[in-house]
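What follows is a group of structures, each given as structure tokens.
What follows is a pair of complexes built around subunit A, which joins subunit B in one and subunit C in the other.
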Partner chain A sequence: MAKVTLKGLTKIYGKNTVVDHIELTVENGTLVSILGPSGCGKTTTLRMLAGFELPDDGEVLFDDEPVGNVPVNKRGIGMVFQSYALFPHMTVFQNVAYGLEQRKIPKQDIEPQVMEALRTVHMADFRDRKPSQLSGGQQQRVALARALVIKPRVLLLDESLSALDKKLRVEMQTELRRILEETHVTTFFVTHDQEEAMTLSDTIVVMHDGKIEQMGTPREVYEKPKNRFVADFLGKANFFEGIVTETGEGTVTIDTGNEKITIPADGAEAGEKVLYAVRPEKVKVFEKSEKPAGRTGIDGSADRFVYKGNITTCTVDSGSMSILSEMNSGDERKDAGRNAEVFVTWEPEDAIRLEE
Partner chain B sequence: MNRKTGFFGKLLIVLVLLYLYVPIVVLMLLSFNESRYNSLPFKFTTHWYQELAADTELINSAKNSLLLAFLTGIVCMILATFFILGQRYLAKRTQGLFNSIVMMPMSIPWLIIGLSILLMIRFMGFSKSMFFVAMGHIVISLPYSLLVLRARVSSLDKSLEEMSASLGASPWTTFRRVTFPAIAPAMLAGGFLSFLISFDNFPISYFLMPNGIFTLPIEIQSSIKFGFTPEINAISTIIIGISLVCLTVVGLIMRSNLKAMLGGKD
Partner chain C sequence: MKVNKKSAMTWPAMLMLLCFTLIPLLIMFETSFRSDETGTLTLENYKKFFTNFMYIKLTGSTLLMSLLVTVISLLIAYPLAYIMAKKLKGLKNVILVLTIIPFFTNQLVRVYSWLIFLQDGGILNRLFMSFGLAENGLGILYTRAAVVIGLTHAFFPYMVVTIYMALERMDDSLIEASMSLGASKWTTFKDVIFPISMPGVMSGVTIVFVPCLGSFVEPRILGGVNGTVIGTVIEDQFFQLYGWNFGAAIAFVLFALVLIFMGAFGALGRRWETE
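Up next is the complex of A and B:
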């Protein structure tokens, strides 16, 4: 259980800077997700935290102590790989006991600790099984018990759930969250699954091309994305980009280069270059005949209303751009039919002004 | 596939197998035949085995061969393990370079390797000795150990070793408790293969053996020069028998180890 600081952490492979001067401080007991597309440097960052890779520049600190010279086996980390990496020739019990044995814990103390860890992950009944006799979810729990039983200062999870099928994954997410709240260990969770990152973490760090694009609580990162990459990677977004030509009461007129459009938005001045993002669930679709008077929006034709269970989506084509809308299926039926003439709008505060 | 090609395919396989094994079976049978000139009719006897037991020259050369092969097998097993495990930490290009260097002896005729080592020994002013014979055997046998081990190690999940380290194990403990159990059968199989290559080897030994000392292949070759006795059949049969037993044992070890590793599902 430790506070973890990354100071200018950098890793270079040949000509590629995989991790580029990362600055990050994580308070004791926090669960941080490092989220990003493959190749963004998230796994390399994790491996530098663990000590499997040495940074080319910068350093890792646990509780303000640099750990650069501490080898992996002395760092006090717990790790769970995507492949789980259970020792195939050892039983569940032996797997979990392995880390305690390395710590020279007396034999009689090992058994109770192992069994307690196995009970935490509901695997006590499987102590004498070999990993090959377990399902993916069970293996994952054993891997977690093995990482937690040594009471690590920092827990590192590398895509640890992505090998599971969807239902089991969601189950394990909840389980993981419960276990981590009980043990209160500082945890880094590397994933490319934004939903998983949202569900699990206190803090999300979005990485792209070796740099941190944004960090914050799941809500902050989703609702106040800083730039196009974050808005696009976490959830979906409609983008509006151009030069502001005039502003009104909750409206902004943008010259996109092709045309001038007026959208509901705030916080811009004439002459500025702007980029707005609007989440599809904020986009309301009206049939032309029901168009509310006095509201700014965009006219277009809806291609088709797609029923997806909890939500219904539709893409509205305005002629020069397409706007995605996601409506709650539980709301009144919105299906206006194929190629219906519609009007889309949203609240000015739902247009998020992005940096780029 | 129609029935006709199926039939001819099977026939071909049978013919190939006959071609490979009939001579060996005949040799084994003749070792129990009374006739000194390998002629029929077949009359069972163990006479040639008794004769063999009394032939100290043949027995001594067999001892030399076994010792040499045993040494070669052990050294190759250890060297190959070091090499294969160590090379994983090299850059990809260096890895390729090292690999080609150690695998080279496989593609150079043994005759030439033997001759070149002999020239080297002469050039450096040493005389022929068992030490150089062993060196030569190791050089040509090592690639076989490497081949077997490489196949195993490349399928070995590196995250197992990383996991062991992350749990606090020293590199030595990691090797002892994680890597070694996973590669031990391959080490054994590779060592055994090198053993057989060395045991079998004629050209290297022929060039490097000190005068008056023989290995079994050399002994057999020279005794054939003076006439082919059924004694040779007998010793060959024994060699084949030992090889078969060894192969079976290694096969069993590998299989049982695999089963133990996977938890014995059956």
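Up next is the complex of A and C:
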């Protein structure tokens, strides 16, 4: 278990700077997700942490000690691979025992440790099976046991759930969270799935083009995204961009270049260039006839209400832009029908001011 | 009756096998039980083989030679296959083509090339002599060593291909997983890479060992008087001495040996199977 620091970590392939001077400190026992689209450098960052790739600049520190000269097999990491990478010619037991054998742990001590690790992941009954006789979820558990049994200083998970089907994935997320909380090991989890990152982590690091765009708790990153990329990548967002011409009580008038619109928002001054994001679940849709008096919002026509189970979505066309709304399906609402004239609005504090 | 229609497509191949493999084999099997003089059914041909120590010794030395070729092939083929599959992936096609050139070379051309290369006054001898390493030439031609060289060159490419395929199939993250668990490079090779490539190694071993047992061209041309093996004895029986009955009997002893070794290699390979 260790505190992990990345100092100006950089990796260059040919002309591509895949990881670009990353600065990051992760306290002991934290669960960190590195989240980003494919090609953002998240896997390369993980591989530099593991020691499979050497940084072109900067360094990795475990407990303030640089580990640049420490090879993979001495670094004290545990890794769960995307393909699980269980040794196909060994049984479940032998797979989990492998790391302990490398540490020259006496034979009689290996068995109890392996069995304890297998019990943690509920796989003790499968000790004599070969990996090919296990399902994806079971292989995942064994891979996790194998990585944890060596009591790593840092645990690395590379898209480890992405090969599972949706239901199993959600199950494993909860399970993983339980196991990792029990073991209290500093964990890096690379994923492109924002829901997974939210479920699993204490801290989310959003990466894009080799740089860290934002870092924070799942709530911070979702509710206070710094910029358009983060707001767009984590969940959905309606964007309003332009020059402020006028401000009022909880309203801002923006010149988008095509037109002037007045939206509920705060925190801007006339003449400023602004970018606001509004989450679809904050957007309320009213039928024209029920439009609340004195509220600022946008008029438009709703294409139709799409029932998606837990939520109902609706895209409102204002003529120059379309605004997405997601409503709780449980709320009582009349279906306004196709192309109904509607009015959309939100609370001023729900318009998040973003950096460019 | 769909199934029958599909199986009809295998008939030509079945017919070929029947006419040109199975029936000739049965005829030869029958021949091996015929007496040279009387033409009656007898065990004398087999008795002749098993009671003459020279034949037993020859079988032993042929086995030993084939084993040596197999081991040398493995030592050459494994590193090459490993480099192709895991290290210089960009060059793998170049290496592969260079490796399998012996495949495309006519057997006699290949063997006579070795003859020219190895003979006294040949390139290898002159090279050694010019460095003062061998005063009177190596005298390597017409020895067992020359036969082993020729056979190794002929068969090791098969082994490169089978091992390469096994290593290529193997997920690289298995190697990384082993390293991440604290294993050294050597342990990773010994406990992960090599066992997983074992099915490829075993089919390579079979593919090299079995044809070596029956070889007669390389032993005859490169080995000369020192090149007598079971294969050349059988050939002599058929083409020099017209002792078809005895020749057939030796051939079937060899056939039995081949089956035994194939079974053993197969069983050994299955031990490592992952299913």
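Heads up, the rule we're going with is that the second predicted complex is superposed on the first by the 355 of 356 C-alpha atoms of A that agree within 3 Å, B and C clash if a C-alpha of one lies under 4 Å from a C-alpha of the other, contacts with A are read in each partner's own complex, and residues count from 1 in each chain.
One rule holds for everything that comes next: a contact is a pair of C-beta atoms (placed from the backbone, for glycine too) under 8 Å apart; a residue touches a chain by one contact, two chains touch by 3 or more.
What you are looking at is a predicted structure, and each value in this text was computed from that prediction instead of being measured.
> Following the overlay on subunit A, give me a clash-or-fit verdict for subunit B and subunit C.
clash
> Of the partners subunit B and subunit C, which touch A:Arg129 in the superposed model: first, second, both, neither?
first
> Quick check on the superposed pair: does A:Asn69 touch subunit B, subunit C, both, or neither? Answer first, second, both or neither.
neither
> Thinking of the overlay built on chain A, is A:Ser38 touched by subunit B (first), by subunit C (second), by both, or by neither?
neither
> Using the touch definition from the top, say if A:Met79 reaches subunit B (first), subunit C (second), both or neither.
So A:Met79 meets both subunit B and subunit C here.
> Where does A:Gln108 make contact in the superposed view: on subunit B (first), on subunit C (second), on both, or on neither?
After superposition on chain A, A:Gln108 lies in contact with neither partner.
> Just checking: does A:Phe52 make contact with subunit B only, subunit C only, both, or neither of them? Give me first, second, both or neither.
A:Phe52 sits against subunit B and subunit C alike.
> Using the superposition on chain A described above, determine whether A:Asn310 touches subunit B (first), subunit C (second), both, or neither.
Neither partner.
> Across the two complexes, find the residues of subunit A that touch subunit B and also touch subunit C.
Touching subunit B and subunit C on subunit A: residues 50, 52, 71-74, 77-79, 81, 83, 85, 87-89, 98-99, 102-103, 130-132, 146-147, 150.
> So in the complex, which bits of subunit B are touching subunit A?
Residues 157, 159-160, 162-171, 173, 177-178, 181-182, 260-265.
> Given the complex with subunit B, which residues does subunit A contribute to the contact?
Residues 50, 52, 71-79, 81, 83, 85, 87-89, 98-99, 102-103, 129-133, 146-147, 150, 156 of subunit A touch subunit B in their complex.
> Which of the residues in subunit A end up touching subunit C in this complex?
Against subunit C, the touching part of subunit A is residues 50, 52, 71-74, 77-79, 81-83, 85-89, 98-99, 102-103, 130-132, 146-147, 150.
> List the residues on subunit C that touch subunit A in their complex, please.
For this pair, the touching residues of subunit C are 171, 173-174, 176-184, 187, 191-192, 195-196, 198, 272, 274-275.
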